[in-house]
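You will see two complexes here that share chain A, one where it goes with chain B and one where it goes with chain C.
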Partner chain A sequence: MLVYTLKRLGGILMTLVLLSLFTFTLSRVVPGGPWAQGAEIPLSEQQIQAFKEKYGLDLPVWRQYLIWLGNAATLDFGRPFTEPERTVTALIRDTLPFSALLGGIAATLAIAMGVTLGVIAAAYQESWIDSIVTSYAVVIATVPSFVMAFLMKYFLAARLRWFPSGAWGNPDDWRSVAWHLVLPVAAFALPATGGVARWTRQCIAEAMASDYVRTAYAKGLRSTGVLTRHVLRNALIPMITSFLPLYPGMMTGSLFIEAVFGLPGLGKYFVVSSTNRDYPLVLGITMFWALLIALTYFLTDVLYGVIDPRVRISERQR
Partner chain B sequence: MSEKTLAQSEKTASITANPGAESSILAEAENAAQDTLVPLFAPEGYTEETHYSSFWVGAWRRYRRNRLAMFGLVYATFIILVAVFAPMLTPYEFDKINMVTVLESPSMTHPFGTDHLGRDILTRMIFGARPMLLVGILTGLAGLAIGVPIGVLAGYLGGVFDWIVTRLIDMFSALPWYLIVLYLVMVLSPSLENLILAMIITGWVGSCRMMRGLTFSIREQDYIEAARALGIPTWRVIAFHVLPQAAPLLLWGFAAGIPNSVFAEAGLSFLGMGVRPPRPSWGQMLADSGFYWQFWPHMFIFPSVMITLSVLAFQGIADGLRKALDVSENI
Partner chain C sequence: MSKRTPLSRREFLHLIGLASAGAFLASCTTPEPQVIRETIEVEKVVEKMVEVEVEKMVETERLVEVTPIPLTGPVNELGETLPADALALDQQFILTGIGAVGGGYGHIMESLYNRAFEHAGGQETLTSLDTNFEVYGVGCESWEPAEDGSYWDFNLRRDLVWSNGDPITARDWVYTLRWSLSNGYDFAWFYFDIKNAQPVTSGEMPPEDLGIEAVDDFTLRIYTEAPVPYLPMLGVWFQVMPENSQEALGENWALDPDRYVASGPFMLTKFSRSLGNLWELNPTYNGIRRPWIAKIREENIPGGLAAYMAGDVQRHDVGAVSPPAEIGLVNANPVLRAESHPQPPTYTDYLGFNTLGDFAPLADPNVRLALCKAIDKATIVSQIYQGFAHPAWGILPKGFPNYNPDLEQLDPNVYDPEAAQQLLADAGYPDGQGFPVYELYIRQPTTQQVAVCEAIQAQWKENLGITIELRPSDFQSFTSASFGDRTAAMYYVGYAQDYVDPATFMNVFRSTGRHPHQDESWDELYNTANSSFNPEERFRGMMEAEKLLVESTAWYFVAQPFNVALWPCNAQGPTLEPNKDGYQMWGGGAIGCPHAYQGIYWTDSNCRSALG
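After this line comes the complex of A and B, so read on.
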């Protein structure tokens, strides 16, 4: 188990370093930059030179990268071009809670709803309930979250006036925040339920069709026992491995929702800094997200080894 | 002996006990033998008229039964025709600003209404189908052209090359693709061309991973070993023995990439990182309605519906192909 864990950790570290090398080199090698953007008052040569010196952009690319990597190892991503008074790390720390809350609630809701629907569909396979759930899953999964957000905003906020149409609300009052979060979370979670429901149904249906389940029934076990001890235990493995990454996935994917509802999360900063070509900020946010996602995959891998003994054994034999 | 077999043996016994029936069957068989040449070992139910259709014909029959997939096919044909003949379909120009007809609701002259600059929304919708299809098709084709050779070589050759390719695949999978695309578009400066380029840079990974996995499993099969034993050169084995096996999977992979591309084009244009104005795109039109949605809902309803319908249709095609071609999703 230790070897297995260390191997996974090594692979993830290598991937992260490679990704940082790729993104960093790209940002330095491709011509243009924040100072070359169609500025209203074009900068003079001396100004650009001073700017480059200040941020160390006149050094060779490989030295810039090594300096950046050394700092990034201690989670220091420098200061943004557009807001030099705050470090990138401080900015991430300030805005991440918004995205994390939105994405976390949405992911939990999506998993809860999707799994429920998937289990119902798998329990009543080939019936009208199954076909309704499957059609719902296919159709809802094709609605992009920002389209869903627009539709909800118009019908539920502007027309029916049930919910506020945007903004975070008063951060000191959790009731106000929750009230403002209803629409963003719903618009974000609903499309995600489709994929979750389909995957759950498939996993459970596959487990139910397997030989060991037939054997269990043939032995004369009760159907509740078979379902909980044989079907669910085996179906849970592929489900956990694909649902855990939903959390970082939805925290990063909230940028569309944040754009529609005007929420002050990390995703909005990512988009704004992308349009401004604020390299330190974009690089910092990108690598931070990669780290978050990589950690989740690592956790999933380890958990996979814990739940499924076959993984550990095959790894040992290799 | 169980009851079932007993009943069966009784049945056969009753047939043999009835000599008239047996002789008539024999006579029929003899007549048939005289008329046409019956093969020595004919499968049950064999007649001269039986045709065995190819894999692709069977796949088409299975595909036709899927209603959502057929809707997707009809919709795709329609939208491609609309995109190709766009200038002929509308009397308006997509980029002509007319301040007299600002924010008109749908009417006979403007079936989808007009936007905040007085441009006909239907016209812009028609032209907006172009970037959507362009991104979908170009990204898919280029992704296959890059990903398939690399994937096949990595899977077939293994070794150091495979190790490098695996690291690359891992690297691109470390982030959700829309973040990498957003990053690339930012670095390359936002435009439709750069969006397509960025989608290709991230898009080849999917087909590469698929081909690598498939080649791994095909490589171990007996007919590949036989081909190698016959001394057939490696490139010929790959081109004529490995690739045809992968054709259904690749067709599905191409189809499955299109809904993603539609989503990406709409989403990035929505964020202002895709198609540049004045060229229209559905996502961009949705973003344009940001100030007007509350009182002029026609500005966002039509793009919303079309984006969703397109993703649904192309997803339907992909799902239909997956079922008809019987490809496994987890390779």
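After this line comes the complex of A and C, so read on.
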């Protein structure tokens, strides 16, 4: 297991280095630069040169990359051109908690709701319950987030006044924050429940059709026992593969949810860093995102071993 | 803002049912008739909104004459007494969004396009514009030009102090402009009328050679390259910073409440990009912009009309980019209609051609004239902008000083497909044969701008037989291709006013501006007119220059969009009253430049109780 783990970690490191090289090159190839963001009249050559000298952009690109790589090894990703009072690392540290809280709750809710619905649908296959759950899953997954958000804000905030229409609330009062997060979490989570429910139903239905389940029933086990001890456990592997990546995806923020509900977070920086040609931010966020994804898949692999003894056995045999 | 009875479950389910049925029906309709129907409805909305504004204006004037607002309300930290119907001071705040653009710099003279704060509460501008678009002194109390027009003297206010108690003197103003222009200021071009501004910006001259000097502590002299009659207008964006502040207070001092030094009516007391910024009244302020409100809160705020209706935001704009459902809601709700304030257009979208010779057909004025005459501008604008734009016949927006409605009759503005075909054939491209396929760059476009370009693309194909490809681009790519490297053959872009004088639009069309077009004879004509201190002569000359601009066909002016601004009806105050043209504007003065929310307060009125 240790060798396997080290191999995977080495692979992740290599992937990150290659990705950084690719992103660095790509960010320098696109037209324009950070010196002209929003300017109606292009800056003069001298102004651009002064900007480049100030930020070391006048050096050969390969040298810039090596300098960046050396600094990145110590988690120093530089300072964003657009928010120069803090480092990229500080920016991620400051904004991630907001996105992580919102996305974490939304992902957990989506998985909890989706898995529950999927299990119910699979347990009552071909019944009216199955039809309702499957229909819900299809419809909810096809409703765009902006429609969901607009309907929620209009009916539940503007008309009924049950919830605030957005903003973070008082950060010193968790009840205020929780109250303000109800609509954003719902708008973020509900569309995701559809996919989770459908995939869960499919995984469980496949497991229920297998020989070992028939054998379990033949031995006289109760339905609940078969479902929890045999079906769910075997269905978990494909489910984990699909559902765990929801966390990095949702916890790193959503530009749309943050903008519509006026929430602080990391989401908007995925877009504005690129449109502003904010090189340090583009690279920093890309690497952070890639690291999260890589670690999630690494964790998924480790969990396979925990859940399925066959994975451990095959690793030992190798 | 106000409490209302919640809907019953039955009503709620009823509304959900209606919404679902509406969504279902909407999804079943064919798109084309729907667009036409919406356009007609929205045009009606705008007309009605304008009617409401006119009615309100008459009513308000009568009120002011008969019953002046009694000033017996709470007294704020500046010693200003609010009117009797004002809410308590803790409810007197402006809630606005955190700067949408990166927001890297705290002082506007460090960066305009990447500034953190939209308002001018923290620092004094040299001048500003009132709601009638008249220029008035903020940091100065008067100004006069030299007899030969070579410089202007600004007499600074003597009682202004920094929040640390130091007096604000001419040396602070001199330091500010020298520092900005010699430190890569992205808005430096705005000051290129000032003597040596261009070489100082490019580093060819030291900052000391910039045409600005302190004659004495309270007289600021600004020298110009040529006589500049509108120079006081440039002061609306010129905000002061303390002498040597960049060196003494350190980098990013204007983002740090502990180091912030204010000259304006507000002080930065909290700065958090995540949780928001807070501005509180500056007790040392002695200037003339004296707000009634006590605080400015800049926060992440929710967007959309629903948030406005819920009372979670204080300002919402409806325009061509708004979803039709929002416009319908505003039109259907009497409170929202009463809270709607049409804004004057301050922006012109136009098509431009690279005439420098790299794209041979476009260097031929007759080809460009053919392209212009093949566009049915009036129809395109009315169909696409849902009534939220005027067709543009020149660069100056409708209602702007020196606006010339006669430009509509100029040849390039007259839609005539047959004449266009003939012109193109005479130029060697009959039915568009042999005409290259060019890309039309569009800068960070809205849906409407893309739709306009698609319509132009279709009309050129249909009327002239030529094919172009659209290239919507982000800001950087567009600027690089169209104005920097000039590799774009044609482009679609907009330009907004910075102050209220024709020069704000027309200066950019000089050959030294941004466009890939050179015409020194036009420059000479325009510069001569622009530098005249005789207003009539100047405007007459500039009108002629605008006419030549249209006739040059290097540009084709398309649309002048405008918005309808909504703010709660319990916001009152003199700066929210209709101006001489009937427009009401939010912020403390004319739209298009920063203010400090002076002349606005929140009343205890329950006028919003019927909302919803």
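Basically, the second predicted complex is superposed on the first by the 296 of 318 C-alpha atoms of A that agree within 3 Å, B and C clash if a C-alpha of one lies under 4 Å from a C-alpha of the other, contacts with A are read in each partner's own complex, and residues count from 1 in each chain.
Heads up, the rule we're going with is that a contact is a pair of C-beta atoms (placed from the backbone, for glycine too) under 8 Å apart; a residue touches a chain by one contact, two chains touch by 3 or more.
Nothing here was measured: the structure is a model prediction, and the numbers come from that model.
For the composite obtained by overlaying on chain A, chain B and chain C cannot both be accommodated without a clash. Of the two partners chain B and chain C, more residues of chain A are touched by C.
When the two complexes are overlaid on their common chain A, residue A:259 makes contact with chain B and with chain C alike. In the superposed model, A:270 lies in contact with chain B only, and not with chain C.
In the superposed model, A:60 lies in contact with neither chain B nor chain C.
Using the contact criterion defined above for the overlaid structures, shared-chain residue A:27 touches chain B, although it does not reach chain C. After overlaying the two complexes on the shared chain, residue contacts for A:220 are found with neither chain B nor chain C. Of the two partner chains, chain B and chain C are each touched by A:153. Of the two partner chains placed around the shared chain by superposition, chain B is the only one that A:14 touches, whereas chain C remains out of contact. Once the two complexes are overlaid on the shared chain, A:249 sits against chain B while remaining clear of chain C. Superposing the two complexes on chain A places one of the chain B stretches 113-121, 167-175, 257-265 or 311-319 into chain C: stretch 113-121.
On chain A, the surface patch touched by chain B in one complex and by chain C in the other comprises residues 30, 32, 147, 150-151, 153-154, 158, 165, 259, 275, 277.
Every residue of chain B that touches chain A in the complex is listed here, in rising order: 68, 167-168, 170-171, 174-176, 178-179, 182-190, 259, 263, 266-267, 270-273, 286, 289, 293-294, 297, 300, 304, 307-308, 311-312, 315-316, 319.
Residue ranges of chain C in contact with chain A, taken from their complex: 3-4, 6-7, 12, 15-16, 19, 23, 97, 101-105, 113-114, 184, 186-189, 201-204, 251-252, 255-256, 273-275, 299-307, 309-310, 312, 323, 444, 474-477, 479-481, 483-485, 495, 508, 513-514, 612. Within the complex, the chain A residues that touch chain C are 30-33, 35-47, 50-51, 54, 80-85, 94-95, 98, 147, 150-151, 153-155, 157-162, 164-168, 171, 258-265, 272, 275-278.
On the chain A side of its complex with chain B, the touching residues are 11, 14-16, 18-19, 22-23, 26-27, 30, 32, 138-139, 141-144, 146-147, 150-151, 153-154, 158, 165, 249, 252-253, 255-256, 259, 270-271, 274-275, 277, 282, 286, 289-290, 293-294.
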